[in-house]
Each structure stands twice: as C-alpha cells, then as structure tokens.
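What follows is chain A paired twice: with chain B in the first complex and chain C in the second.
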Partner chain A sequence: MATTVTSADGDGGEAERPGRAEGRGRAAGGRSVRTAGDRARPAARRTRYRCRQTAVAYLFLAPSLAFFAVFLLLPLLFAVLLSLSRWAGFDLADIRPAGVDNFAALFARGSSFLTPVLTNTLLYALGTVALALTGAVLVAHCITHLRFQGFWRTLYFLPIVTTVVAVGNVWKYMYEPGGLVNGVLNALGLRSVAFLQDPATALPSVVVVQAWASLGSAILILTAGLKAIPHVYYEAAELDGAGPFTVFTRITLPLLRPSLLFVCVTQFITGLQSFALIIVMTGEGGPGDATNVAALEMYQRAFTYGDWGSASAAALVLFVLILVITLAQLWLFRRKGADG
Partner chain B sequence: MRRRRVLAGLAGAAVSAAGCGAPDRGGSGRPGDPIVLTLLSHYATDPLKSALQRVVDEWNAAHDRVHVRTTAVRFQDLLTTLMVRQAAGQGADIIHPYSLWAGQLAQAGVVRPAPPEDTARIERGFARPAVRAASVRGRPVGYPTEVQSYALYYNKRLLRAAGLAGPPRTWRELEEAAYRTARRDRHGNTLVQGFGLSRTDDSTVVNQTLALLASRGGSFLQPDGTRSALDSPAGRAVFALERRLIDRGASDPGIDLLKAFPAGRVAMAVSGAWWTGSLKQTMGRDYRDVGVAPVPGPAPGNRGTVTTGFLLGVNAKSRHPREAWEFLRWLNDEVVPAGPRAGRAAAVRATRMSVLQMSVGTMTGRTGDMRALLAAGGDPNLGPFVDALDYATPEPNGPRAQKAKALLRKNIEEMWTGRHPPDAAVRNAVRQVDQELSR
Partner chain C sequence: MRRRGRVPWLSYLLVGLGAVVTVVPFLDMLLTSFKGPGEYGRLPYRFLPEAFDLSNYREAFVRLDLPLLFRNSVVATAVITGSVLLTSSLAGYALAKLRFPGRDVIFRLVLATMMFPPFVFFIPHFLILVHWPLAGGNGLLGEGGAGLTVSLAALVMPFLVSGFGIFLMRQFIVSVPDEMLEAARIDGAGEFTVWWRIVVPQTRPVAVTLALLTFVGAWNEYIWALLVSTANPRLMTLPVGIQTLQSYLDPNRMVPVMMAGLMLSVLPVLLLFLLLQKHYIRGVMLSGLK
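Our next item is the complex of A and B:
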C-alpha cells in the first residue's frame, strides 16, 4: 500500500505539497507503513531519492530494453517498412516505395499464398498440436504411474536435444520407398506408400515427425502439472468409487488446464512458424506446394528470390495470424477457467 | 529523393543496429601484405573442389601481390548463400553463380557488366549460347566458365536386356524403350525405371522437361522473356508424355534419380553434361554401360535442347575489382598445355578453365577447346553435349527467372503427382509465370 501512495505523489507531480500528499496517504491507509523519519524528510530530498531509485531501476532494465529495441522493435519497424516497398536485399538506397502492392500480390487470384500455403500452415500447426497434445497427455499420465519416472521423462525428451536436420533426415530415409516404414508395410503384405512423394500423404507425414519431435517438452510440462494436482482429490474420488476414466476426465484434465493452455499456445506458435523440418524432409515444400508453409515461403521469397518486400508482407500476415490465434486460444481457455 | 533518403536512413539504422553493415575486407590491410580475394562457388565436393583448388594454388604460388581463397557450398545452397552473405556485407570478391540468376543479381547490383577488355575476350572466345547465358541485356557480366547442355543418358546393359540395340531417336521409340525396360516387384516398388524423372532440385526437374520441349520446337518463355510460351502444342505434348510415362509405370519421380541411375536402376534419363564426371566417379567400372545420345525429338532428325551454365563474375562491392578480373583473365583466357593429368591430351593447348572442366568430366563454352581436348582422349560421352552447343537454346535469365522456374517446377510436380491433368498444369504454370514476370 505504501508503494501506491508514493507513486501517486510522484506521478501527480504534487510532491511539493506535502500536506495534500500526506492527507491522501492517510486516506489510502498508508500511514501505518510510513516511518517517522520519512515524514520528517524534506520533500525535495524525497523527490531526489525517488528519482535516483527510478534511474537505477531503468538502468537495470536498460539491457533488456536495448535488446528488445535492437532485436525486436527495429526489425519489426524495418519489416513494416519493407512490406510497403520493393527491395532486393543488398543496397539500402535501392528501397522503393510500393504501397500495398506486396499485400495485394499475396492475395491476388492465382497466388498460392492463401491456398495452399496458409492452409498448409494452419493444418500443419493444428495437426502438430493435436497429435503432440494427445500423445503428451497420455504418455505423461502413464509416466506418473511408473517407476523410474526420471528415466522415462529423459527418454521422451531426447528428440528435443537432437537437431532438426538429424531428425528430418532419419525420418526421410525411413519414409523412402525402400525405407524402414515401407519395409514393415511390405512385411505385413501391404503395398508401399509414397509418403513424401504423394501430395496427399506428404504433409501428414511431416506433421507426425514434428509432433514426435515436440512430444518431449510437452511431456515435461504436463508431468510437472500432474504432480501439482493435490492427491486429496484422487483419494476423495477413490472413496466415492469413481473409475479411472472418470477420474481422468473429471479431475486430472480440468486441473491440468493451465499446463495444457501453455503447451497448446506454445506448440501452436511453434507449428505456425516451423519450416526447418519441412526444408530438410521435402526440400522446397513439395511435391508441388503440398508441404509449403508460410515461414518457408517468406524465407524463399527473401533469401532465394531477393523479394524482401513480399517476404515482409507475408511475415506481417503470419504475425497477425499468430496473434489472432493465440488471443483466441487464451480467450477460449479463460472461458473454461484455465487461468482462474 | 528526400523520401528515399529517409527510407534508406531508417533502413540503414535498422541494419546497422543489427550489426550487418560491415563489408568484407580483403587481406589484412597491413602494408606489404597481399590482397586476398575470396571466391565463392558450388565446387564443394570432389572432383570439382580439388580441380579448382589446384588452379588456385597455382595462381597463389605464382603471384605474391594477390592471393585467392576459395569457399564453396552445395549448388542447392549457392543462391541463398550468395544473397545472405551479400546482404550481410560479406559477399565474396569473385562469385560463381548459375547463369539463370544473372538477371536477378544484376538488378540487385551484385554483378555489373564486364569491363570492355573482358567483354571483347568473352564475345570472341566462347560459343554464342554460352555468351548469351552469361549476359544481361546483351552485355556479359562474367566469363561463362562452365556450360551445360542436356542430352539423353542411357544404360546400355538395361537396353540390351530389353532387346534394344541402341538409344531411342524419337519420342515414340523412347516411350517403347521405357515401357520395355521398366520393372516393379509384387509390392509395387520400382526396381527399374524406364525413363527417370528427377525431383532433386529446380534444375533437374525443369531442365529435363525443357530439353524435351526444345526437341519439339517449343520453349518456356517468349524470346523477349516477358511472357510464357509454354501453352503451345509442344508444351502440352511434353507434359502429356511425362504423365503417360508415370501412369504406365515407366517413371517414378519419387525415386532419387541421381542415386538410382548410377545403381543401374534407370534405363534412360535426360540430364546435363556435368553428370558424366559424377557418374564416372560413383559408378567405377560400370560407367562403361553408360551412353549419351541427343535428346530424341517427335520425329527422326528433330534437334533441340537447352543449355545452361555458370559464370565467374566480380562482385560489384569488391574492393579489388581490377585484381579480380586479372585473376579471371588468367583462369579463363590464358592458353596453357593440357598438362600431365590429361594423359594423351598433354600436347593440346587450351585455357586453364577448359582443361579444368574437361578433367572433371564437364565443359566450358569454348567449343574449340572442348573439341580439341575430346579428340585428344576425353570422355566420348561428352561429344553429344559439345555438339548440342551449336543448336541448344540458352535458358532465359531475366530478373525473375529463378522464381519463374520454381513456379514451373511446382506445376510440373503437380502434374506428375496427378493433382492436375497435363493441360491444366500447363495453363496454371502459364498464369502464375506471367503474373510473376509482369511484376
């Protein structure tokens, strides 16, 4: 409460009028935390002290603020500028204003950005979240009932510490016509599947790998969430004769909602921004545009074709999309009481 | 003007703040130390890497004042590396881009026209398609150091086993040979492709189609490069031919052609001259089964293919352009004996780059050099490629050529995978390419 009073003084610029400040402090109940020395200190000295404190606070904040300014704010402003310009990426003097042409080109008839690129992006993120979340909930739930939980958590976390290039290449070879997965299918008497060569199966095939690779971090968070659920609820449910399914759906899942929200939001954002795994497994997002996603598209527009204007426009569209989806997720979970 | 300055200022602040403004400094800068020129190429693996390093070592041994340092990346990463390094102010002094990118790089101010002295040497010494491939708006931007034309590779053993005496000369013969040589197992896995279609990168996907298109008298773009010319009887016929080969089981684009052919699992494929060197190295003794013939046309005697290439040019941002051009002249224009490594070719004199290219199983656009080196014991499989330089069509290299090619590739793949019928894929490609070229 004392903080409230002092900041009101400072912000209102009324520190030179002690009577009024003290009156307001009393009204707010701040008297109890003020010492006699404070009251005796001259107002000017107190102001200097507060200024020094503020300066020190900003000094501590400065590295973070500078970091955000240089690596977040400036690039963001630069991206906005480029999205309204044409630029080949080399000579800053060659930036040419282009109005909203880049945005118009993205959504022009025949452009592949809306369909299939953005559609693929959403399907990729949605598929990854659905698979990873379902798998992680089940695995985390099972792990909490096992011995050597640390070992199992480590085992599932291993894909996280493996590089995307290694994961992508291994799975790519497994999916190949003569690879392990088709070998198993053939051994079962089934015909081979052209996993990455058929547009119908290419995107789901990569989604499975992305979900598998992100399972570890989700399990780690969810097991922590499961451990935080007080055991008394389970004891009460047991006394009431509730079955395992009821316990899981009526106790575990609702109380796990904050962890689920975190996993859901972060995985969705990761899914919407992903492209490294797709490059490794499918090269240019093929066959055709079957696995092309927004991040890959903007990477190619900028770094391959030297079209920084439309790449920045695509980046801003993706930014807005991620923002909207994240806000929608937060709103949805709030309605369900996740953060309550 | 003021608006541009403000834009440039804002952008400059952003980029400088991100620490991306520093240009590459050649050499230590201390008085008396040699100038170090950097050379970025895609010669990242042997035999290309060693061959280039040998000539660079030769230059460095003979020149105290200017040294050259090579760096290399895979071809698939070359354009991206070139663009990113240039944007970061770390562009190499001498660059070795694919000629398709020449227009894009010239528009972005990365390469500039060659000095008059070098222009004259280039126009005098190289075949016309090679010079056109290395030129932007009619002016060479570098030496056309490596030239590729496209021809039909075939596996003699597989054709013989199918009862065929020689390579096909027409599309009809090509189809028949493809169907007769193709084999699958009971699970539907391809054992042998009759005619291989590659999905490795834009070049391997598109150029095989464009070579077949040229053999029927068609082309990808109009002569001025501003619109697509694919929507023609020739364009539709090529797309339909490829679709038919896939539908009838003679082609399987899902299989990596660049691995399957050396393994003896592909009977025929259209590819560039560079492949001979690579095949020789990977196939060993089995290379004797490999033959090369001109790309078949619809009727006997039809001739046509595409030619592409690489150029060695000087970065517009280089601090030592004079020294860089001096090195390029030494490499591309000075005539030397073919050397002991060339065996019987030792008595032949050719430029260093021609000798280098021949030693790795590929070629330059100096047809005279190439014919002399071939006659003196070079790989006879290179013969059809050298002949093709006389009639091949150079790949258009306008400012949006790479993007147009990528769009064509996507539509070819859509057609291969059955998402679009051939005619629809042609129409779609034309619409997208025209839209891109009009920007």
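Our next item is the complex of A and C:
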C-alpha cells in the first residue's frame, strides 16, 4: 500500500505535499519501506518540483509584475525626477535639473498654492466628510427600523454607479437660474442664488454634490456596522427605560465608532484627491480660484500650461499629505484592533 | 425587538426624504432630456416637460459621433475588465496556492500598490505613453512621435492590472481546498490546467464581483479619458464626448441635448447595476469605499 502511494506521488513529484496521500493513511511507516535509492530520488524530484513551481508562479505573476514595473515604479521615479527639474516641452533631452526650486515656488509668498488652493482642498474634504457622515449616520440608523432595507440602500447607491460627468452636469444645471434648485427656491418665495457663479457659494455647492454622491457607500458600511451591534444592549437599555435619543447617543454611536472612523478617514482621503467633479461643474476651478483644489492645480499646471516640473511638485506635496493621513489611519486602526 | 411593532414614522419620513433627494436629480436628467426647444431655462421652473419630445436624442446623434464614442467606451471597458480578471486570477492563484521564494514580498508589494492615489500617476503615465518606444512614430528612445496616444491602447494601458483585484482574488482562492488541486495534479494536470479547470470555475462569484466593479469604474472613467483624447480626439469616450457638448451655442438648447446624451451613457450601467447589485455591493463592502 505504502509503495503504491509513494510511486503515485512520485510521478507528480508531490511526495512532500500534504493532502490526498494523508487521507489514504500514508504514515511514517511509508518511508521506512523505501530502499536507499528510492530515498535519493524523491529528494531530487522535490527540488525539481520546487524549481518548476517557482518558474510557474513567476510566469503567472509576470504580466502583473511587468505592469507594476512600468506603470507604478517607473512613474513614481519619474514623478520625483520631474518635480526636481525644469521642463516645459515634450523633448526628453530638454529636461534641466532645478533642485527644490519647484517646491520653493509653491510655498513662496504670493503663490496661490497654500491659499486658496490647499485651503480649498482641506475645506472640500472636510465639508464632504461632515455632510456625508451626518447624512449617512441618520439614514443608516433609520433604515434599520424599516422594511425593504435592500431597496432603500439600492436607491442611495445610484449616484455611485453613475459617471461623474452625469452627476456634475445634472447638478450644475439644477443650480442654474432656470434649474430645479432655484425653481424650488422661487416656489418657496425666495430669490434665486447664483450657486456656482458666486465665489462665496461655489465651493459649498460642489461639496454638497460630492457628499450626495458618496452617501451610498457610507450608508452601506454604517449599516453593516449597526448590524454588528449585539441586540442585548438595546434590550437592556429599553428595560432601563432609556429613550430613543439616549439609546442612540449612549449605545449606537459609541459602538459604531470603528465604522464611523473608517468611513471618516477613507472619505477624507478621497475628498483630498478628487477634482473630476470640480472640472465638470466649474471648469477651471472658478470663479477665480474659488473652487480650485490641489489635484486640479496639478492637472492644470501640467496639461494646460505644460509645466511638468511644478505640476509634479504639487502632486508630490498632496501625495505626502495623503500618505501621512493614510499611515495615521493604519496606526489608528491597529490600535483599535488591540482595544477590541 | 418590540420597537419593530410600532410604525417608525420618523424613520420613514427621513429615509424617504433622503431617497427623494437622491433620485430627483436622475428624474430631472430624464425629464429634461425630453424638454422641447426653448423649454429649458424658462421661468418659472417646471419639472415636467410639456410634451415628450425626442428631438434632443436626435440632436445628440447629430452633434456627436455616438457610434465612435460607444465603440471606444465599449472596447476600452471590455479590454480593461478582461485584462483585470485574467491577471488578477493568475496572480491571485500564484500568491494563494504556489510556494516560491519572494512570495511574501510580492504580496506586500501588491498591498502597497493600493495605497497610491491615482492622481500621482496622471503626469508620468501620460508622458510614458507619449514617449513609448517604437510606437506612433517614436524612435527607440521614445523620441519624435506621439507614442501610444495614437491608439486605443492609450485609453486602457494604465488600468490593465489592479492591485485590489489581485488581492481580492488571492483572498478568495486561499479558501479553495488544497485537496482539489492535489487531486488534479495527481491526475497529471499541470499548474495551468489546475488554474483553468479547478480555480477559475471555483472563483466565479468573486470574479463576477470584480468584473462588475471594474466594468463600472472603466465605463465611468473621466479624467484619464479626457487627457488622452485631448491628445487625440479619436479616443473620446462617452463621458468625454458628451462633455464637449457644453461648449456649443445656447445653453438653453444644449442642456436638454446633453441630458439626452447622459441618459444614453448612464442607462447601460444603471441596468447592469440593478440586475447584479448584490455582487456590486459586496464588492464595495470588500473594497471598503470606492
């Protein structure tokens, strides 16, 4: 018995692998039956098998690794190189070293990068998170009391599967004097607002849309978090005579904290880097610089003005900002895990 | 549990109100797309069109090269989705079930790729494609021509592999029982056969999820497609093409036409989502936030 198993294994070169052989009751005894010659051959086969498996594994990984080399590693190096050079053309031979000039220029007096661009970026991200989180907490909390939860969640999900061009344009024209939002305002007896044309209201108007569009996924994650809260807590609170508001603030919110934190941080990071919606709704980030954000500034410096160097520098500054937040997030969640 | 018995009026009110705010822009898009010439922009605002006028859709066809836009969108989305599925499955299998030196390092690298925000890559990716050697009239050092920006390849190249896809596949393939793979190997199957005959069929549920996420992402992609088509207008996708409408003439005439174009671009994805929403929603849960 033992020999048949060994030879069957040996054919495939699988002698040392667990699995089917074990199931047949191949025990320590199997090995002792072998002759000296048998013992040497599986070892060689094992090495050959290992080599073959390594080769196969790298073959399977080759497309992905090649891709990461050309579209991840090389671009990162290229971005750093560009940020340290002066280059305003398409001929690679024209790249000139510039040290940290590009970074210095970004933070120089009178540069618009710190204010209003970076300030706008932070306001945009913070505003989105605040709005989306408040809305999502309320809706997710209420949904758990309702029937047809899947139906409601699907509704809130529609903006997420829609292109930013559709979302941006529909809202842009709803904000126009002849659009839906002003139509509602007028019907209520209020005067029209030039939402996107007025520097004071332009940024908040886009923030509302970004929050509207990201509500669905926040609701999804918060509903999952709510479902994970053990029901006994609510029953205990009810026995103690706690009202709905107390239950919400004393039980739901504290126990939901991990999900809240997750949604908060990931949406904040998404907010810091988004600019597609702004391009669609306000074009150049106008009026003036009222809706200009860092990623859009990078985009324009590069593709409108062909200034690859300062554009790459802007991108790297934003990247470092996001990296710090991401690392802080990882650290925060690791600590959360330790807390339980 | 007892609270279920009471009708939660306040909850219905709030969730319903939120749902209205979510759905109304879509309705407005649909209804505006049927508004006749001169109807949009007239005050006071009217939600419903006077008559369901189809001329905006006709106008969208006249103004835009819709067959080209559709073709570009469909080809790019199909190629990206196919490639992401294939490469994720292959790499996921290697990382989950094969033993080889460097595996942990590569897995960590894959995880790390998910940390990089896309905007960092817009500039270098564009320049790499422009200077792609021996393409589009370029020399060996990538000088002289337009590189890959002349072809549809430019639209898809940066999206062909997904770190998240590899991660998702790997996590799923780990749970495929070793015994099944072992049995196939004993029957004389090579690793490629094991992957194709055992792993691929076993991972169908997660493949649907990944395909759907990738499909929706690729179909709706805007910034990269905009960039590439600035270099070569023949590469415009649906979202980019429709956005060009806004530079035409009178906004009161153009807005309904634009809404008609947007309906055409949004409908396929909405239908697919409504059909397969469970798979999509699971994907969003797995990826945290999309």
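In this section, the second predicted complex is superposed on the first by the 249 of 340 C-alpha atoms of A that agree within 3 Å, B and C clash if a C-alpha of one lies under 4 Å from a C-alpha of the other, contacts with A are read in each partner's own complex, and residues count from 1 in each chain.
As a convention for this text, a residue touches a chain if its C-beta (ideal position, glycine included) is under 8 Å from a C-beta of that chain, and two chains touch if they have at least 3 such contacts.
Bear in mind that the values here come from a model prediction, so they are computed numbers and not experimental data.
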| item | value |
| --- | --- |
| Contacts of A:N120 with chain B and chain C, given as first, second, both or neither | neither |
| Contacts of A:Q210 with chain B and chain C, given as first, second, both or neither | neither |
| Partner chain(s) touched by A:I322 [first = chain B, second = chain C, both, neither] | second |
| Residue contacts on chain A - larger count, chain B or chain C | C |
| Contacts of A:T291 with chain B and chain C, given as first, second, both or neither | neither |
| Touching partner for A:A311 - first (chain B), second (chain C), both, neither | second |
| Partner chain(s) touched by A:P97 [first = chain B, second = chain C, both, neither] | first |
| Which of chain B and chain C A:A224 touches, first, second, both or neither | second |
| Which superposed partner A:C142 touches (first chain B, second chain C, both, neither) | second |
| Which of chain B and chain C A:T252 touches, first, second, both or neither | neither |
| Chain B and chain C contact sites that coincide on chain A, given as residue numbers | 70-71, 74-75, 78, 82, 90-93, 177-178, 182, 186, 303 |
| Interface residues, chain C side, partner chain A - complex | 1-4, 8, 10-12, 14-15, 18-19, 21-26, 28-29, 32, 40-47, 86-88, 90-91, 93-95, 98-101, 103, 106, 109-110, 113, 115-128, 130-131, 141-143, 157-158, 160-161, 163, 166, 178-179, 182-183, 185-186, 188, 190-192, 195, 216, 219-220, 222-223, 226-227, 230, 238-240, 242-243, 246, 251-252, 255, 258-259, 262, 265-266, 269-270, 273-274, 277, 280-281, 284-285, 288-290 |
| Residues on chain A engaged by chain C in the complex (per definition of touch) | 8-9, 11-12, 14, 17-20, 23, 50, 53-54, 56-58, 60-61, 63-65, 67-68, 70-72, 74-76, 78-79, 82, 90-93, 135, 138-139, 141-143, 145-146, 152-167, 169-171, 173-174, 176-180, 182-184, 186-187, 212, 214-218, 220-221, 224, 231, 235, 238, 262-263, 266-267, 269-270, 273, 275-276, 279-280, 295, 298-299, 302-303, 308, 311-312, 315-316, 318-319, 322-323, 326 |
| Chain B - residues contacting chain A, complex | 3-4, 7-8, 10-15, 17-18, 76, 79-80, 83-84, 86-87, 104, 107-110, 187-190, 199, 201-202, 252-255, 400, 402-403, 406, 409-411, 413-414, 416-417, 419, 428, 431-432, 435, 439 |
| For the chain A and chain B complex, residues of the former touching the latter | 70-71, 74-75, 77-78, 81-82, 85, 88-97, 105, 108, 110-112, 177-178, 182, 186, 190-192, 194, 196-199, 283-284, 286-290, 300, 303-307 |
